[in-house]
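Alright, structures below, take your time with them.
The two complexes that follow have subunit A in common; it is paired with subunit B in the first and with subunit C in the second.
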Partner chain A sequence: MTGTSVAPRERGASYQWSARAFGLPAVLVVAVLLYLPFVWTSVISFTEYNGLGSPEWVGLANYREMFDDPNFLTSLRNTLLWVVGTITIPVGLGLLIAVMTYDMRFGVWFRLPFLITYAVSPVAVGVVWSFVLQNGGGLSQVLEAFGLPGAENRWLLDEPMNTLVMIGAWAWQQTGVNALLFVIGLQSIPKEPLEAAKMDGAAGWRLFRHMLWPMLRPLTTVVVGLALVASLKTFDIVMAMTEGGPGRSSETLALTMYREAFVNSAYGMGSAVALFLSVVTFIAAITYLRRQLSPRHEW
Partner chain B sequence: MSRVIRPVVLTILGVIWLAPLYLLLVNAAKPAAEYASDAVWRPIAEFALVDNIVDAWERAGLGEAVLSTVIYSIAGPAVAVLIGAAIGYAIVALRLKHGFFWFVLVFGGTVFPLQMIILPLFVGYAEVGLFDTRLGMIAVYAAISVPFSALVMRNFLGGIAHQVFEAAVMDGATTWRIFWRIYLPMSRSALVAVFILQATFVWNDLLLGLALSQSGDVRPLMTALTSMQSTYGGSQLPTVLAGGLLVSLPTVVLFLSTQRFFTRGLNLGQF
Partner chain C sequence: MRIRYSATVAGLAASALVLAACGGDDEDEYGSGGAEAPGSLSFYTDKAAWEPQFLQVSDVSENALGLTLDFTGYSEADQYSAFIRQSFRTDEKPDLFTWHTGSELEDLVAEGLVAPTTDIWQQSIDEGNVPGDLREHFTIDGEQYCVPMNAAYWVMYYNTKVFAEHDIKEPTTWDELVAAADKLVAAGQTPFYETNILFSFVWFQTLLAGTDPELYAALSSGEASYTDAGVVDVMNRWREMHEKGYFGDPGDQTEPQVQLKNGTVAMINFGTFLSGQLNSVDMVSGTDYDFFIIPKVNPDLEQTPLIFETGPICTAEEAQNRDLALQYASWWMTEEAQTTWANARGDVSFNPKALINDEQLASLNQEAGTDGYQLLERYFEATPTPVLTAALDEFSAFVTNPGDPMPHLETIQAEAEAYWSDQG
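This part shows the complex of A and B:
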């Protein structure tokens, strides 16, 4: 709320009714369609409810049941795999591609394949990769043709293989945007210190380790943070590729929530999973930010 | 040394990245009779891409889902950028009291995952007759786009000098007129950036479509595509792939043609 000139208080006050009118739609929409549902879900998570009759208060029973359910624990493990996989593979590859192309002739063209796949819709990524990963499908045929092992893998049917290959498919989609963000970051690094370091003979790994990486740090924090939060909510690609199956072996927490609420009509349990997911996301985001912003932390 | 290594590494990675796209294109263009699951790498002999797309459009019902989704991804974000610009204007130009509090409240709507809201929306929509209606879908798409839009618009409008507002007041313009004729036109680039980002999000949405719609003419595109994928298989796979190709074309074209806008939008989102 800074302006170059400050209007006298009385004059500013005369626009308050107008200001409220302009602000109201946003507050109203967000309150009714986002906050109210949020509160509802939080409350329902402590009840047993299937949409008929009225919710019955059961305290923490849903949460206890949740942690006793081996399927939920599998889902939790898969979600963790997704988090680790997405903050390492697509971010790492994106950084690698950015560092290799940002100051290169035709760098734009070398980045193009990754940008095209980024623009493919997540569900369509699922369609493409379900096809590539069929038993004996595209991937298996390549492995066989080159005499490599693994052609007999049932990529999407065996656990935890199915989650791992789906993370690979997701990396295929996500690498491009990370590369793009890192390129923007690298190109905005001031030229003079960089030239000076190069004059001193810094190149390759040393240049990266001591110049580029420290200067990219704020951007890396954002990129990893976004990947962390998004990966906890992984839904589309798994829904499109395995629907969480076979059985429930490749479910993530977001899919477990969907199944409990919309397939089993267990609204209380679905809400409990949703609240659990929110709390985990929130804690992860806060912990990560505090760690990154604390001055003592170096990596 | 690195002069050789870089292009080689990049070319290898690029080929790996393009290979699945090759498979998509080639097999989406094969006639059902020619398609063989053990020879997916074989180039096409007969070009049937158009037939397959028509098939996906008509028989699998992607056509009516495309229409709905075009409506959603225009109307939802359009409403959201206007609402976001309005609150930005209220805070920045009209100096809304406790403006920062209201801003944080609105932006806070983006903090929790969609999983927290879909179930009550489903229940509530069913109660008030919005379940499985286009109006209901537009409302929810607009709502989830409002927080981000408010963030960007508040930041952007904050860059316009307050004298602009004061001068317009001197000329006797009403606050509504100043918003509509001065502030909105001045923020065109931010409005477009937010609109493109949110339209892409709506276009790609699967979860809200699954939760809040059902019938063929309301269901959005991605929801229709997943159900097509689970019902079609075997020799009909080229049709499914043609569907996957069809839904991606708009986002690929939009992204590649607006890349600069898009990255600027991503930058804006980081404040």
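This part shows the complex of A and C:
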């Protein structure tokens, strides 16, 4: 237009510079807010650091101390209980509710109560369930009133029962949203193959096993993947209900990290636990998703 | 071409804006934690709920000094500790902030982050505003740092109606206290409050200090071991008290003041700040509740050990308004400031000249200063943080399932050995 001509190669280079310049803000945000903290945490995990002065390099000492600590192993056990519990109970129950109600008339009214609990924050769930589960609390009173066993149980005080009942409280909140996600998945399955299967006599368990379950797989992968990651970093509900106690009997890895970094001001050890937790979460998520999303994978 | 050049410039400008946003302001006019004028000092605390009381003192200081507190309260202690530690790495160092004595203060002093207050202490002691004994808890390597924010004594609160109902008088010896507890248990009444959250150390503190105050002090300084016979004996006594049914449910999350009001427990071993909490649930001092100094467990002790706690107000060495903040700290210890503060809080004061409205507290304030009592720092402040954290966990587990104390003591001792070996 201006009469000057630009060689195609030169024009391409110029476009690239423009594109890079526009991309720079986003790259900076990611680098400053995501990569930098991760790298900094990784470095600190090899130091002894109380948040003041300069970190002192101690090599792998924090990691050695971490794995030698029986409390860390309790924390690891509890975190595994959370992973297994979260995947089996809220996800399993969510799937069951979805399958039973997705094509039912007025099914939404059955699912709605489960979904309401999702609007409550985990901390509020923890506080409310603490009232229910504390010694002589709501649950014990109901059991006693009906003459049922268990009224004397110290739900939040004895391990591993305290972790198990907290998983129950978590399931109370999470089941609804899992059911909703599964319903969305079920409703997006094409009708034709299902009707063909039904005409061929498939119903009940057979219909679920051979038709619904395989066709639901992409969504199941997402739901289980999210539950896996969420359970590995369980923090808020335990903090609200037991603070990881009594003693450290219901502590999870996320609480151990918090305790070391922010209660003891041992930022080196806190960072070591954080890095361990991040690596475990990353490996678990990647391994699971790769396996599930592989086209050759068969159920 | 010009358009493309402009696009590149625009992109870089956007990047610059992002960096500028990350960088924040260069400097505000007075620069210190949001303080609005030189007459306003930035003040940070983890006692957010005490804001009205701090502001009452701030009103008085405005007239007395022309200085007010620009209050920022945190309600979560761990978050607050991390915030203060990080603030020293920024330009926004706090003029005044509340902190802890012991290892937490030593950490800050070791890095030269806190302004010394040696002259202020000497002047306050000379003027009779603070007992000289208190100074050692604020002394590191011969210098004083910070000033006491508050003081509280740990005493035994009781529900007067429950005592009257069971015809129990205020015990003056340990045997009388045990007899009162036995009488209450026989009548189906739980004698003592106990919790497994945070304050799980309270009865350990009472029993050890009351039995062997020297061992109590030696444990705090790392000169004694948690597995020493004296400590084990105290734990076994504590276990026996559990076995006799002296303690309430440690998992009951009902607030202590409500438990005392409802008669769930007859007595609460607690700091004098409980008075304010009891008043808040409409209990009247001297009518609905009262307290007595916990008798010494070992009758052979010459003095009765009395646990006290105090938390410091400190000034950052490089605070924008350092000198004004130190002036405020000096005023904080005066009779005028402490009378306002103690009455606003419904608590005692470290300043013996402060005029306490509550008769029971005023009487305790006088009595605590006499020769019959040996003041011992609360376990929470006297114990280094990593050891304390481990101890709170272990005592929490012990009160929940009272049994063999040795595994608990060994765990705490392992943490103590790691800590003290690091200290050289």
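Rule of thumb we're sticking to: the second predicted complex is superposed on the first by the 267 of 299 C-alpha atoms of A that agree within 3 Å, B and C clash if a C-alpha of one lies under 4 Å from a C-alpha of the other, contacts with A are read in each partner's own complex, and residues count from 1 in each chain.
Here is the rule we go by: a residue touches a chain if its C-beta (ideal position, glycine included) is under 8 Å from a C-beta of that chain, and two chains touch if they have at least 3 such contacts.
Just so it is clear, the structure is predicted and the values come from calculations on it, not from any experiment.
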First, second, both or neither for A:W170, with subunit B first and subunit C second: neither
First, second, both or neither for A:Y15, with subunit B first and subunit C second: both
Contact breadth on subunit A, by residue count: subunit C or subunit B: B
First (subunit B), second (subunit C), both or neither touched by A:V132: first
Touched partner set for A:S278, first subunit B, second subunit C, both or neither: first
Contacts of A:S249 with subunit B and subunit C, given as first, second, both or neither: second
Subunit B versus subunit C as contact partner of A:F46, first or second or both or neither: neither
A:Y35 touches, of subunit B and subunit C: first, second, both or neither? first
Which of subunit B and subunit C A:N264 touches, first, second, both or neither: second
First, second, both or neither for A:P25, with subunit B first and subunit C second: both
Subunit B and subunit C contact sites that coincide on subunit A, given as residue numbers: 2, 4, 15, 18, 20-23, 25, 29, 32, 51, 130-131, 134, 136, 243, 258, 261-262
Touching residues (chain side subunit B, partner subunit A) in the complex: 2, 6-7, 9-11, 13-14, 17-21, 23-24, 27, 37-41, 83-84, 86-87, 89-92, 94-97, 99-100, 102, 105-106, 109, 111-124, 139-140, 142-144, 146-147, 150, 158, 161-163, 166, 175-176, 179, 203-204, 206-207, 210-211, 222, 225-226, 229-230, 237, 240-241, 243-245, 247-248, 251-252, 254-256, 259, 263, 266-267, 270
Residue ranges of subunit A in contact with subunit B within the complex: 1-5, 7, 12, 15-16, 18-23, 25-27, 29-30, 32-38, 40-42, 44, 51, 93, 97, 100-101, 104, 110, 112-124, 126-132, 134, 136-138, 141-142, 172, 175, 177, 180-181, 184, 203-204, 222, 232-233, 235-236, 239-240, 243, 254, 257-258, 261-262, 267, 270-271, 273-275, 277-278, 281-282
Residues of subunit C that touch subunit A when the two form their complex: 1, 4, 7-12, 14-15, 17-19, 22, 78-79, 81-82, 85-86, 88, 107-108, 110-111, 113, 196-197, 249-253, 385-386, 389, 393-394, 396-397, 399-401
List of subunit A residues in touch with subunit C within their complex: 2, 4, 6, 14-15, 17-18, 20-25, 28-29, 32, 50-53, 130-131, 134-136, 154, 156-158, 243, 245-249, 258-259, 261-266
